[in-house]
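Quick one: structure below, then a few questions.
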Amino acid sequence: MNELRSAIEAVLFVAEKPVTVGELVRATGARPREVEQALAALEELRGSSGLRLQRDGDAWRLVTSPESARAVTAYLGADRLRISHAALETLSVIAYRQPATRADVESIRGVNCDQTVETLMARRLIEEVGRAERPGRPILYGTTWEFLECFGLSSIDELPRVLTPEGERLDESAPREFAEPIE
Amino acid sequence: MNELRSAIEAVLFVAEKPVTVGELVRATGARPREVEQALAALEELRGSSGLRLQRDGDAWRLVTSPESARAVTAYLGADRLRISHAALETLSVIAYRQPATRADVESIRGVNCDQTVETLMARRLIEEVGRAERPGRPILYGTTWEFLECFGLSSIDELPRVLTPEGERLDESAPREFAEPIE
Amino acid sequence: MFESRSPRVTVEGFEGPLDLLLELIEDQRLDVLTVRLGDLADAYLTRVRGLVELPAEEVASFLLIASRLVLIKARSILPQATTEELASADADEAELRQRLLEYQAVRERATALRARLDQGQRAYHREGGSPVELPPRGGDSGALAAAWQKVLALARTAREPELVTPGERYSVEERAIEIEELLQAREAVSFSTLLLERPTLRFAIVTFLAILDLFRRGVIDLDQEALFDDITIKRRGVGQTSE
């Protein structure tokens, strides 16, 4: 493994929070483009190990591979995430449309979502990511690193696609950047 | 990389302290001999990456490679408190309510806090200060002098006051069962 | 933890009015894309009537869907319906169908996410225990205070539902029986009378659903002089042959 890749891996290992490309550039003294290439190489290399690279936008971190989950869960004695179906529906609206407001969730699910949003916040599966530019400036929610982790995803792009043709159509018609209210 | 090696790597990655072969056996369900073989293979494989396997008697841990030290130090730099959001929240509960038990932290944060408590202990930001007088005699945690030093406080009394939206003092409004409020 | 405290928003397995509607469509092996939604009005009201207790916060949306289904159906079967009214029913139906499609996709996504959870193939990050032995420095006490404030705010909102006392419990069926009995004694009654002095939202909605249900079963006739006027509820058959 080349030196830059090793350095990046080591930094991601000691970091206690996701590391941006900018931080990696400062730490290694390499150029942004080199850092990005090294991350891509590392991502591929790590594909077959017990560790994976996880990405959210510009930030990266090292996590365990989903295939090792059983051993890690056994070692940590961790609890399995228990989540109600209602909360999971709310989560899926936010995950696939992020950022999304409570009103977005309610207009799709047809029911009040205050409780499920609070539950998801308390479990750190979603977080506030800003305010919508419209009257009342409602809070926008997005998913967290913990969300990616709990569902064993490397990034939001890995969200499972739905099966029906209508669903596929909706997936395509609602791109991720889509932050407009659903009318 | 084979499955057992990946699982061992993942366990060493999340572990807060060196992991014994016995613990790896329990976590993976493999035989001691298989675990030792996998560790040896992993050690060799890891030789050229940013991480190394380090042996301490019967216990093993992952550390950064000496070659990456410069980047790691540059990243950790002067601002050394790289602490996750979750750990900061746990620390805030313990700092403002001390002494506090894990159950206190969990009842407030609503999520399991074992990992974050271990992190804070490893960083010497919190320590055991006694046992609560109630069934199970759970450990009570408080902040350390390193905590004060780290946050630039001369005493716990200097913690910033926190106000609720309603303007009332939170540390007064939140009843504490086992310790005196911080004044 | 938090979940055990949260109030149940699910009624007999239904997550909401769209869920109920989708379930009816699936029960009858119909396709969301082609089913005539108005045709489901009767089945929908029957199921709503069967729900022992409607959750207070959701009941308004159950009502909204119920009344839209009835409206779509009414507009499409009334012989005197104008072209405009029919177009309006079509637009209503198209909008509702679009919402159902979106909701159906959400349900499938939730199921896909559930499958991932069930596989247990999650990732774990490293919490710390840095192998580099450096004493921490540079902590920001403001960030600590902000974290504490956030934790308390979360703890507070998560507990709020406990403080809310469960409202009165009426089922649509009980209310329908009450109204039917009332109409045995007097042949007509106004909607505002049925609502009593100061109705709770819940009571008003359950009463309205009960009236819809009685109308659907042919027990009563409804009369409204003008839009937004008070509705008069009459025992069926009363009117021409008043006693």
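In order of appearance the chains are A, B and C, and numbering begins at 1 in each one.
The rule we apply is simple: a residue touches a chain if its C-beta (ideal position, glycine included) is under 8 Å from a C-beta of that chain, and two chains touch if they have at least 3 such contacts.
Every value quoted in this text rests on a predicted model; they were computed, and no experiment measured them.
Participant: Please indicate the chain closest to the centre of the assembly, with centres calculated from CA atoms only.
Facilitator: Central by C-alpha mean position: chain A.
Participant: Look at all chain centres (mean of CA atoms) and spot the one farthest from the centre of chain B.
Facilitator: Measuring from the centre of chain B, the most distant chain centre belongs to C.
Participant: At what distance in angstrom does the C-alpha mean of chain C lie from that of chain B?
Facilitator: 45
Participant: Please compute the C-alpha centroid of chain A, do the same for chain C, then give the distance between them in whole Å.
Facilitator: About 31 Å, centre to centre.
Participant: Hey, how far is the Cα centre of chain A from the one of chain B, in Å?
Facilitator: Each chain reduced to its C-alpha mean, chain A and chain B end up 23 Å apart.
Participant: So which bits of chain B are touching at least two other chains?
Facilitator: Where chain B meets two or more other chains at a single residue, that happens at 10, 13-15, 62, 64, 72, 76, 82-87, 109-111, 115, 119.
Participant: Please list all residues of chain C that touch 2 or more other chains.
Facilitator: Chain C, residues with two or more chain partners: 2, 124-128, 130-132, 154, 158.
Participant: Where on chain C is chain A touching in the complex?
Facilitator: Contact set of chain C toward chain A: 2-3, 6-7, 9-10, 15-19, 32-33, 57-58, 61, 65, 99, 101-110, 112-117, 119-128, 130-132, 154, 157-158, 161.
Participant: Please name which positions on chain B make contact with chain A in the complex.
Facilitator: 1, 3, 5-11, 13-15, 19, 23, 26-29, 48-51, 62, 64-65, 67-72, 74-76, 82-87, 109-112, 114-115, 119
Participant: With touch defined as at the start, can you tell me which chain A residues reach chain C in the complex?
Facilitator: It is residues 13-14, 16, 52, 54, 61-67, 69-70, 72-73, 76, 78, 80-89, 91-93, 95-96, 107-112, 115-116, 118-119, 121-123, 145, 148-153, 159-164, 166-167, 170-171, 182 of chain A that touch chain C.
Participant: Please output the residues of chain C touching chain B within their complex, sorted ascending.
Facilitator: 1-2, 124-132, 134-145, 147-155, 158
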